[in-house]
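In what follows, chain A forms one complex with chain B and a second complex with chain C.
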Partner chain A sequence: MFGKKFAVVALVLAAIMVITSCQPAEKLAKELNWNLGTEPPTLDPALATDTTSVLLDEQLFLGLTDFDDTTEANVVPEIATEWSVSGDGLTWTFKMRKDIWWVHYDPASKKFEKKRLVTAHDVEYGAKRTINPETASDYAYVSYIIKNAEAVNTGESTDLDSIGVKAVDDYTVDFTLEQPAGYFPAIASMWVNRPVPHEPIEQYGDLWTEPGNIWSNGPYALDTWEHENRMVMVKNPHFYNAKNVSIEQINFVMVTETSTAFAMYENGELDVAAVPLEDMDRVKADPVLSKELTIAPRLCTYYYGFDTSEFPVDNVKVRQALSYAIDRQKLVDTVLKGGQIPAWSFACKGIFGQVADNPDFPGITFNVDTAKSLLAEAGYADGAGFPDTTLMFNTSEGHQKIAEFIQGQWKEHLGIDIKLANQEWGVYLSTLTEDPPAIWRLGWCADYPDQNNWVHEVFSTKGANRPNWTGPEADAFGALTEAAAAAKDPDERKKLYFEAEKLLCVDNSVIIPIYYYTTVRVDKPYLERTDQLVGGQHFDVWKVKAH
Partner chain B sequence: MGRYIVRRLLWMIPMLFIVSVITFAFAHAVPGGPFNREKPLPAEIIANLEKYYGLDQPVWKQYVDWFGGIVTRLDFGPVYSSRSRRVNDIFADHLPVSAQLGILATLIAVGIGMPLGILAALKQNTFWDYLGMAGAIFGVSVPNIVLGPLMILIFALTLGWLPVAGWGTPAQMIMPALALGTGSAAVIARLTRASMLQVIREDYIRTARAKGLGERIVMVRHALKNALIPVATILGPMFAALITGTFIVELIFAIPGMGKYFITSITNRDYPVVMGAFMVWAVALILANIAVDITYAFLDPRIRFD
Partner chain C sequence: MTTQELTAQQKAALRLSERQGKPANLWRDAWDRLLRNRASVMGGVIVLALLATAFLASAIAPYHYAEGDSFEAYTVPNWLIGILPGNIEAYAKTGTKFLFGADYLGRDLLSRLMYGTRVSLPVGFMGAITALVIGLVYGCISGYYGGKVDNFMMRVVDIMYAFPTMLLIILLMAFFKSTFADISPGSPAYTFNRVNDVVDRLLGLQGGGMLFIFMGIGVTAWMGMARLARGQILSLKEKEFIEAARMIGAGDIRIIVRHVLPNIIGPCLVYVTLAIPGYISTEVFLSFIGLGVDPPTPSWGTLISEGARSMRSYPHMVIFPALALSITMFAFNFLGDGLRDALDPKMKGSS
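Right, the complex of A and B next:
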């Protein structure tokens, strides 16, 4: 009798112990509410060019490689477990994981179906599909480093098999390049080179990325896509690392207006929001919001360029004087207010080969005396006789404020009047190509965190060459960036990029770097997050604590 | 009447043709193209894109292909900024939203504006008149770019009654419909009042009173009906504009309507979307005007269509 009672009590106690020990240390919520800010133009990795599409592709499609969540954005394995390059630097071999599944998710029944394993043939198919001119991919030129990619993409050759990507076996893929490229592991992470499934693409054509049609292999799958309104993604239970994915559903909205999105954040409808400039002072003063505020770097640079063929900015001393005369810190403090970082180089911190935080770089910083003497040497002492010169930008309140500030700086420090002009974005871009103004504005954000994507792809004198930069120094710049792309030794590459930046921003002052961008945002305190600088956030490692 | 309607509808065809030619010409006359990017695309990439969308064809051929697509297949063409969608998808996804919002806003505009205008006219120069017209002036002068955020601040952030933005639930429709409707309500109120004041001084009103009709019948059957003619006139284009989408209100409340396409498609040089959006607007405007003309016949027995 006693024994039976005791046994029951012991059993209950044991049960309680088991249950309590099973309880997680912290309670987690299952959903994340995120604003995309716009309707995503596409979910097709071959067609993505914008940050929104790339963010979504990061959830759906794995790359051979990926970037870690540090400010260095190092290349780390994703589908590839390891990679190596041949002695001549031309062939990169990637060994792949064997546990990644293509899954199809049916939004109606909420059921997942494992289709088949992701293989090297999918990598080959994906890379070739981007290059195929019939796909008409904007970013196909990123792949031009791959052997014969350019020839096929431009229609010079129609032989898709001649493209330098080949599945050696089911889980090994080779990329053969036109020339050695030390940055290729970063290119292998890019959406344009991700494996995609040929079955739904052949079945549905352009509509293969719609809910119910799409196959994906990433941590999340597409559930709902109401255009211009909202999108829902759900956790993929067959993802190789699914047991470590905490957030089970992501609710995306597409709110363009930042003040509306910020109001939704304050109302608890969003977990993260960008802070509108007009709310900055209030957020900083607010006891709650100020604790949720984060100012983080972004891999983007804001700059002014010159048409170096146009009088009077054809004179390098004039260009340098204009660059020295801008107090960039004051611009940040009084106009931008988002903790942006004054720039002295084109590429920002976080890009391989950058000199933004290199104290040895002789970059141009605010110095009125140097500016004045350079302008005098150019023949315009105290601005006397400086000809009519125009600074042009695309129509926007923000660009206008910055241009007015800089116009004021030039007036104050150099005694010259620069005219401001603005044009609507599309008109502006064609003006830049056809008849560039003396000084113009643009910005640049990383596609992949390597200088090749910056100094080479943007300012290669063989490309659009917006600054109309010619002469021996322009040729030297071109030679430097090409040598840096081909060099295998990372230190050697860094040295070459140092020289290239020096030519571009200092010696020849073809551009005036103004500031490196930051993200100014608020995160709810219950959100445990990381920050991914290129290629889209890793929601699969985030946690939302119960709230 | 039937013949009149048919004739007006047939007239739509040449009108829409002219609208399409003009829109097409203007869209293509603007400098810049759909594939201009911050980092200029290599010429070969642009060539691939232009070939994909048929932009490598002569302009007249592009027009013929586009117009032919509409006539033969009711296909308004591709969307350059989104490969997986066509202009028809944009219509299917966003026109119903805009129409829903537009109808709600019109109901609010008429439901508030007309009674307010009548009340003000009947009680001219009294407290009610002044109150009504003060409200109308407020409605006309506060633009929805101010009214929208103000309502968000009051009803969503402070009182917590309504969600800030979005679309799908009835609660999400209240603020945008009000923001959109009040401006029009104010216009209608002022117009109704002015028109009522004019009509009640007409001879036929005196006649109606003289033959012994009750004040209520005089006002409703004789005065109001006639006073509504100017209101009906502006209601046509107003309704057409409201149901085809309104940029600012859609932006503030993050509503997936047609309005933003009128603006973004021009910025993106998304020619088929520009043309599609303006064609839809033209159709709505023409139909609304036909409807207005028909209502004239019911409102004023002197107006006849033969």
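Right, the complex of A and C next:
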């Protein structure tokens, strides 16, 4: 009897042990729902200039190098397995992986087709295509560090072969530079230097990035692109690391209104959302949402720029007065509420050569008295006789609130009325290029964490020069940033950037730095994600747990 | 006997005795009929109250519409807390300083609503005036002269009608917004901006950009009225009394002004009153999508659009502007209904 009972107990115990030991593998969902917030201006890596396009290009096209997801944003290998620089610092040689395929995906039949391997010739073609003036890339100046790139891009030379990028063999590519640049591996990661396939570009022209036409080599392929509505990407099974890619499909929506997107998040239609300003307090107080909330620094700066050729902001005293009259801390505390840091320089913390947290920097901070006396010196005591001036921003609830706050600050502290106007992003960008308003709003995010990417590439008179900044001090600024780019000694570079920031933000007040961004977002608890400070997010390493 | 309906004859006799033998008068009769309609009296009172608010906004509003301290952003009035759903006390500032609460920059919502009448009402009335002035004149000329003139003028209206009204207004506003952003002296845009400044100053809303809204709405407001006036005149001008007037040598202008207009003004006025809520809602819609007045000028449309975005956290921001808008719509519609019954008894019951 005893024996039988024992046998039953043993059997039950064994059964329990078997059941508990073979726990099922972690269940994962296959889809990610993401809001782009806008129609992406382009998918062509040579033409991308904005964060949305860059995010999408990160999924479709691999760079020679990439940034890791730590706060240091270190350069790590991607297509390139290793790289080296010549003794004079002018020639960089990249050795490439031999298992990356150009893939064509047909959305109708849902079939992937391996076209051919990605070679060094594609890198050379991609880099030269960006520099070629016919491509009309707004980001070509990023490549001016490459030998002869500037001459070709500005039309001084028509010889594409003179550009310092050369495929040595099928899997080795050489970049020859104008001057030594320790940050070049970061430039090699950028979309403007990514390999692109010449076949579809030659076949379809501008339409090569449409679904069905495009060839890509990244972790995802383009399935659907309904303009101004939605986009779908599917996992590329021929991606070299495909077995580690967990999310099989990404559904992008293009909801402009952050409040709508946030409502979609609360309804479970989105897995990540930015928190609208008006919902910040509720999110912080809500027991569920507050756990999903992340506030983290970003390498971005929010600023207002001036068209320094336009009356009355052609007067540096007016510009300084406007900058002194903004209480940035109050803006952060009462309107933004996302732990942003008031700004007094262009580059933010985390960028090499920044002065954002340098107590010696004589940056402009809120000071009503200085603002008033500067405005009086400019001839508009207490705002009397201040002419019509327009502040323009791209249409968005957040920008509007900030603009209204600052409009109120100027009215309260200086007694001047500034008109507000807004335009949709695409239109706004072309307005800024063709006929910038007196005061305009933009943000800048790091493409790589070095001041060269900030003061030099954004405000160099060789670039877009949106502030229309000319004159001896503009030239001095240009000389400083160029000297800083060429200098080898880090301390020397820091000193030069200090002076450049001082010219830009204080002495000439060409821009009003407002705040350094933070990421303020909510993530669903079932999302396991990383956070990419530089470049696009790496969806391929994310996981969505079953929910 | 007491509950019995009066016959028509008895009613007429009653009215005659009320008039105490005074001769019948179109306007007086209409006024009497209007007063007997309770809904329209109520509508009229509300419209008058709104008008008074618009005129006196700067005197009776507790604060200026652009004045606010962002430290008080999103203050919810104490009395509302209990009524609102959710758990607002947990995160919102509360207080008694603002009757209707404050918006995202700490500006008093009640004051903004009051100043908002200076946008909504002028837009409604300017739409009506444009319709009356342009539409009536256009329709009268077209209908009275008839023939080729009529043919041509009405085809123009047909073409204008073929555009979807809202789309046309949106396109116009977008065009104005981008074209007139240029403020270099000497350009036509500069002149327009000066005129706009005068209009804004008259309304007490500096930097509002009201002229552009008037233009946008005015461009499409007159067409319906032109058709209505023409139709009325076509049937009138064959009547004997017009022929009689012509036979004794009256000129065209005299006939139109003295004999035709008084006979068609009733239906036209009714039409205009009923169209006013349409103009107001057009402005609200334009402001809602960001093509209306420029910030910080408050318009009910912008208030509703800001409120709708904050609805999930701060419902007070949308409740009051939405209430104000719907009450105004009802008021104008009731008043219009009453006016129709009063001025044009034949149309009673048909709408």
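We adopt the following convention: the second predicted complex is superposed on the first by the 339 of 547 C-alpha atoms of A that agree within 3 Å, B and C clash if a C-alpha of one lies under 4 Å from a C-alpha of the other, contacts with A are read in each partner's own complex, and residues count from 1 in each chain.
By definition in this document, a contact is a pair of C-beta atoms (placed from the backbone, for glycine too) under 8 Å apart; a residue touches a chain by one contact, two chains touch by 3 or more.
Computed from a predicted structure; not experimentally measured.
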Does the superposition put A:263 against chain B (first), chain C (second), both, or neither?
both
Who contacts more of chain A, chain B or chain C?
B
Classify the contacts of A:153 with the two partner chains as first (chain B alone), second (chain C alone), both, or neither.
first
Looking at A:390 after the superposition, I want to know if it touches chain B, chain C, both of them or none. Which is it: first, second, both, neither?
second
Just chain B (first), just chain C (second), both, or neither: which does A:351 touch?
neither
So in the superposed three-chain picture, is A:405 touching just chain B, just chain C, both, or none of them (first/second/both/neither)?
second
Looking at the overlay, what does A:230 touch: chain B (first), chain C (second), both, or neither?
first
Contact-wise, after the overlay, does A:276 reach chain B, chain C, both or neither (first, second, both, neither)?
second
Using the superposition described at the top, list the residues of chain A that contact chain B and also contact chain C.
257, 259, 263, 266, 427
Listed in rising order, chain A residues that touch chain C in their complex are 257, 259, 262-263, 266, 276-279, 281-282, 284-286, 330-331, 334-335, 388, 390, 392, 395, 397, 400-401, 403-405, 407-408, 411, 417, 419-423, 427, 435, 437
Any idea which chain A residues touch chain B in the complex?
39, 41-44, 47, 49, 133-134, 136-138, 140-141, 150, 153-155, 206-210, 226-230, 253-257, 259-261, 263-264, 266-267, 269, 424-431, 433, 442-444, 457-458, 463-464, 466
So in the complex, the part of chain B that touches chain A is made up of which residues?
30-33, 35-42, 44-45, 47-49, 51-53, 81-85, 89-90, 93-94, 149, 152-153, 156-157, 160, 163-168, 251-254, 256-257, 260, 267-269
List of chain C residues in touch with chain A within their complex
66, 68, 70-71, 73-74, 87, 90-92, 104-106, 177-178, 181-183, 193, 206-207, 290, 294-296, 308-310, 312-314
